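Two complexes follow with chain A in common, the first pairing it with chain B and the second with chain C.
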Partner chain A sequence: MIETFLTYLNQDSTITAMVNIGSMTLFFIGLFGLLTHRHILRIFISISIMEIAIFLFFIGNTFDKRFTAPILGDGNTAFVAMNDPIPHAMILTAIVIGMAVFALGISFAIEYYKLTGKTDINEMNELGES
Partner chain B sequence: MSSMYFIALPLLFGFATPLLAKLGKNGIAYVSTLMQTALFFLALSLLLSTNWHVEIISIAPPLGISFVLNKASLFFVLLFTFMMMLFSFYYLGLRKTNPYANEGKFFILINMLLAAAIGLVLSSDIFNIYVFFEIAGVSAYILSAYKKTPKALEAGLKYLITGMMASVFLLLAITMIYIHLGSLNLGVLSQTFETLPYNIKLLISVFLLIGFGFKVEIFPLNFWVTDVYEGSSSLVNALFSSIVVKSYLFVFFHILYLFMPTSEFSSFLIYLGATSMIVAEIVALKQTNLKRVFAYSSLGQIGFIFAVMASENVYALTAAFFIILAHSVAKMMIFLSITSIQREHKSVKIATLKELNSPFITLMMILAMLSLLGIPLLAGFVGKFLALKDFAVTGEFVILGVIVIASLIESVYYFKIAGNLFSNGEKRSKLILTLSQKAVFVTLALVLLLVGTVPFLFSSFINDAAQVMMDSSTYANMLMGVMK
Partner chain C sequence: MNFKRDVSIRTYSGFALSSLLVLTILNIILQNIPDKVERAGEQLLELNAQEGVANAVTSVVAYFRGFDTLGEIAVLFVAALGIGMMLSSNCKAPHKEESNFILQKASKLLFPVIMLFGVYVMIYGHLSPGGGFQGGVIIASGMLLLLISDQNFEIPHSVISALETFAGISYVLIGLIGLLVMDRFLGNFLPHDISEMGMLLSGGIIPLVYIVVGIKVGSEMSLIVQNLIKRSEDD
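Then we have the complex of A and B:
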């Protein structure tokens, strides 16, 4: 029983479906958080969740479990039967960028809180038609 | 001659700032300005020789980072370096009386912004475009919140949140492109994009439109723009309006021309641009804050450029390039004038202009506003005339009508501002400009007059640029040829 279930889980189509459904669910959790929460830090966290969903979607769709990591050495001498390294490089770059922007946003939020004591984006109304 | 200098030198300046700090405060300012001037003259020297120039920093073929310098991207490199150079000269005058706190950072940020804007225009790899998209974004967010007042920080936060949303959708589009086509190179993509199923093409285009839509300030996604313009200092607004938006506009249409999905999509974009224009101009009417008025006026003009660029033919694109040139120059003049006014009067209400005592600034603002309206003999006329002619030729009379009505509405609030400038109120003491600041304004005004009176001096280059931008097959062949 468990054996068949594990074989089913190990099929390529199941993995792809799980990756797609899982990352889309995560994306919509992020979107839902973005639309329902008004606290500035929660908004940043929601957007980060959306970003992470895209990272998972991308890696999950370009990763093949039969292939090894794209590193030469340990007996591997040529780029055969290896996973495509480009998505990994891209996602690493995107994670770093996302982290930097997230940190910058939090620092803005802290400065703003120190000056005005506000954390709710609906109360941020210094700007606008007077 | 390498096109890499345009990206490497400004970035290098940022990294070298700790070393340059030994030269003292003035040292950094002068080195930065000198470098930007050098870049402008470098771009000018390329004007004579460049036809197509593809540069690849090769990792291992076919992997590599490629930059393409052709006439279309050279037009934007010239525009950005010219604007940045004049901006720096203006700031040199400003800092004598009232410098920014911690100036070293300010110079790093404006140079990063310049490098990212040029990088966006030159790169021919869609993930590189994402990276430069983010670099331009981050430096713009920090510049926006630079003064650390509640208003500035709120503007920075709003800019940052919308920017994060934009990058999420752009990344989604890029991942979908890579999953389905297995390449990030624009040359390869332009040839293989056709083979995708219709639904996937449409989905990718919509994600690209949402991602770039936030940044190119198109109608439903531009709710944040005026707040950011109001909260940031007007000095920085000059950069946002004349450099940042223009680079995003170019990249968006550059990508779209290489793989425009369907003709329905492009006509949808034309209507989107026209809606954006008319909505912005109507809302601008009831504003009382100068920065907000000109922010809405920017939105209107951007909508106009968007509609013209989306019409997908060489004549429209030539017109769009003329409008971009005229709009950048005029908005630079206006926001720099507002900076001077704000330093003197500590207010940016339209009514403040009644007290303004400076015939020079008045003349400059009037010239810029007339050019934005499209009065003959000024640069704005050329682009607007060519664009309207093209819409008439292609039979888009609805769009033509919308643009004419929007221009009429625009003239109403410009005349309101002009009325305040010329009213006989009680005047303040005379507004003082340094020589370098006056030189900057005179240069900008001369460009407006020169483009307006003798457009044929520029039209052959701009026409070539438009043709090059439309020509996606040559672009692909050049890139693939170098890749092999």
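Then we have the complex of A and C:
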């Protein structure tokens, strides 16, 4: 019973489906939080969750379980049968940029709160709308 | 115009249904991708065997896409600059409030270990998983531990700006020397013998570039953390 389940889990199609459905579900959780919350820090956190979902989507779709990580050592002596290193480097870049943007947004939110005492985005009407 | 977000049950169910629809369509598309897709990494892995670096991701980040990494740390620098400009204005003296005893003692115990681990991850980035970005963030987390445990601790701005300037200038200098000695920006002008692959001194300029990136990321992240903490304390 357990072995059948593990064999099912180890199939390529199952892994692909789990990666796609899981990461996109996480993406929609983030989008839902972005659309329904009004506190500005919660909106930033929702954007971060959406970013993490995209990272998981990329890495999971370029992963091949027959290949190893692109690092020599542990018995690997040549650069053959390895996973693609380019998506890893791209996602490393994207993580750093996302972190920088998140920190900058939080600093804007902190300064806005110190100035006006508001965190609700519905009350942010300095330009006179609503 | 009203921005109120009173979400009804109909909106919830519509959102769930539409997200399920998108998931299904995406999965159908992705299941029908042909099995053999041409990967750009194949040629890159062959090229990477000539550079004498055991970690292929490091050689992609710090060598093949080294110019992009220069732009990336420039983005990080601009973000740190913006946070400093936003938060350090009219900054008052922080509260003199003692932190927890356990936190004070444990931070003195843990800080050297965290710094050592960060420097290890940074220096061995071309041999094992890790590298400049990861090591820099670990060092910044050690700084965060000191900042939350000791209220009077402050990283001097002169040290951070000196480290950051040194790192940025040496990155560009390494690239320009590569342009002069070899044929391109960030050319690998130091000896990189394939027989030494796996040693600490291997890979030519690639470990140097990643250590420089680590110094820059560590100082910038420490500055960001310090600005956020010091600004959120005063009121």
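Simple rule for what comes next: the second predicted complex is superposed on the first by the 121 of 130 C-alpha atoms of A that agree within 3 Å, B and C clash if a C-alpha of one lies under 4 Å from a C-alpha of the other, contacts with A are read in each partner's own complex, and residues count from 1 in each chain.
The working rule: a contact is a pair of C-beta atoms (placed from the backbone, for glycine too) under 8 Å apart; a residue touches a chain by one contact, two chains touch by 3 or more.
For clarity, every value in this text was computed on a predicted model and none was experimentally measured.
Once the two complexes are laid over each other on the shared chain, residue contacts for A:N10 go to neither chain B nor chain C.
Once chain A of one complex is fitted onto chain A of the other, the partner contacts of A:T36 are limited to chain C, with no touch recorded for chain B. Judged by the touch definition given at the top, the superposed model places A:E51 against chain B, while chain C stays out of reach. In the overlay built on the shared chain, the residue A:T116 is in contact with chain B alone; chain C does not reach it.
Using the contact criterion defined above for the overlaid structures, shared-chain residue A:I106 touches chain C, although it does not reach chain B.
One of chain B and chain C touches more residues of chain A, and that partner is C. Of the two partner chains placed by superposition, A:T68 touches none, neither chain B nor chain C.
By the touch criterion stated above, A:L92 is placed in contact with chain C alone, chain B being left untouched. Of the two partner chains, chain B is the only one that A:G128 touches; chain C does not reach it. In the superposition on chain A, contact of A:F28 is made with chain C only, not with chain B. On chain A, the patch touched by chain B and the patch touched by chain C overlap at residues 61, 86, 93, 97, 100-101, 104, 108, 111, 121, 129-130. Contact residues on chain A toward chain B in their complex (touch as defined above): 34, 40, 43-44, 47, 50-51, 54, 57-58, 61-62, 86-87, 90, 93-94, 97-98, 100-102, 104-105, 108-109, 111-112, 115-116, 121, 124, 126-130. Listing the residues of chain C that touch chain A in their complex gives 1-5, 7, 15, 19, 22-23, 26-27, 30-31, 39-41, 44-46, 48-49, 54-57, 59-61, 65, 68-69, 72, 75-76, 79-80, 82-83, 86-87, 127-129, 133, 197-198, 217, 224, 227-228, 231-232, 235.
Chain B meets chain A in the complex at residues 63, 127, 130-131, 134, 137-138, 141-142, 145, 148-151, 153-158, 160-161, 163-165, 167-168, 171-172, 174-175, 178-179, 184, 227, 230-231, 286-289, 292.
Residues of chain A touching chain C in their complex: 13, 16-17, 20-21, 24-25, 28, 31-32, 35-38, 61, 69-73, 78-80, 82-86, 88-89, 92-93, 96-97, 100-101, 103-104, 106-108, 110-111, 114, 121-122, 129-130.
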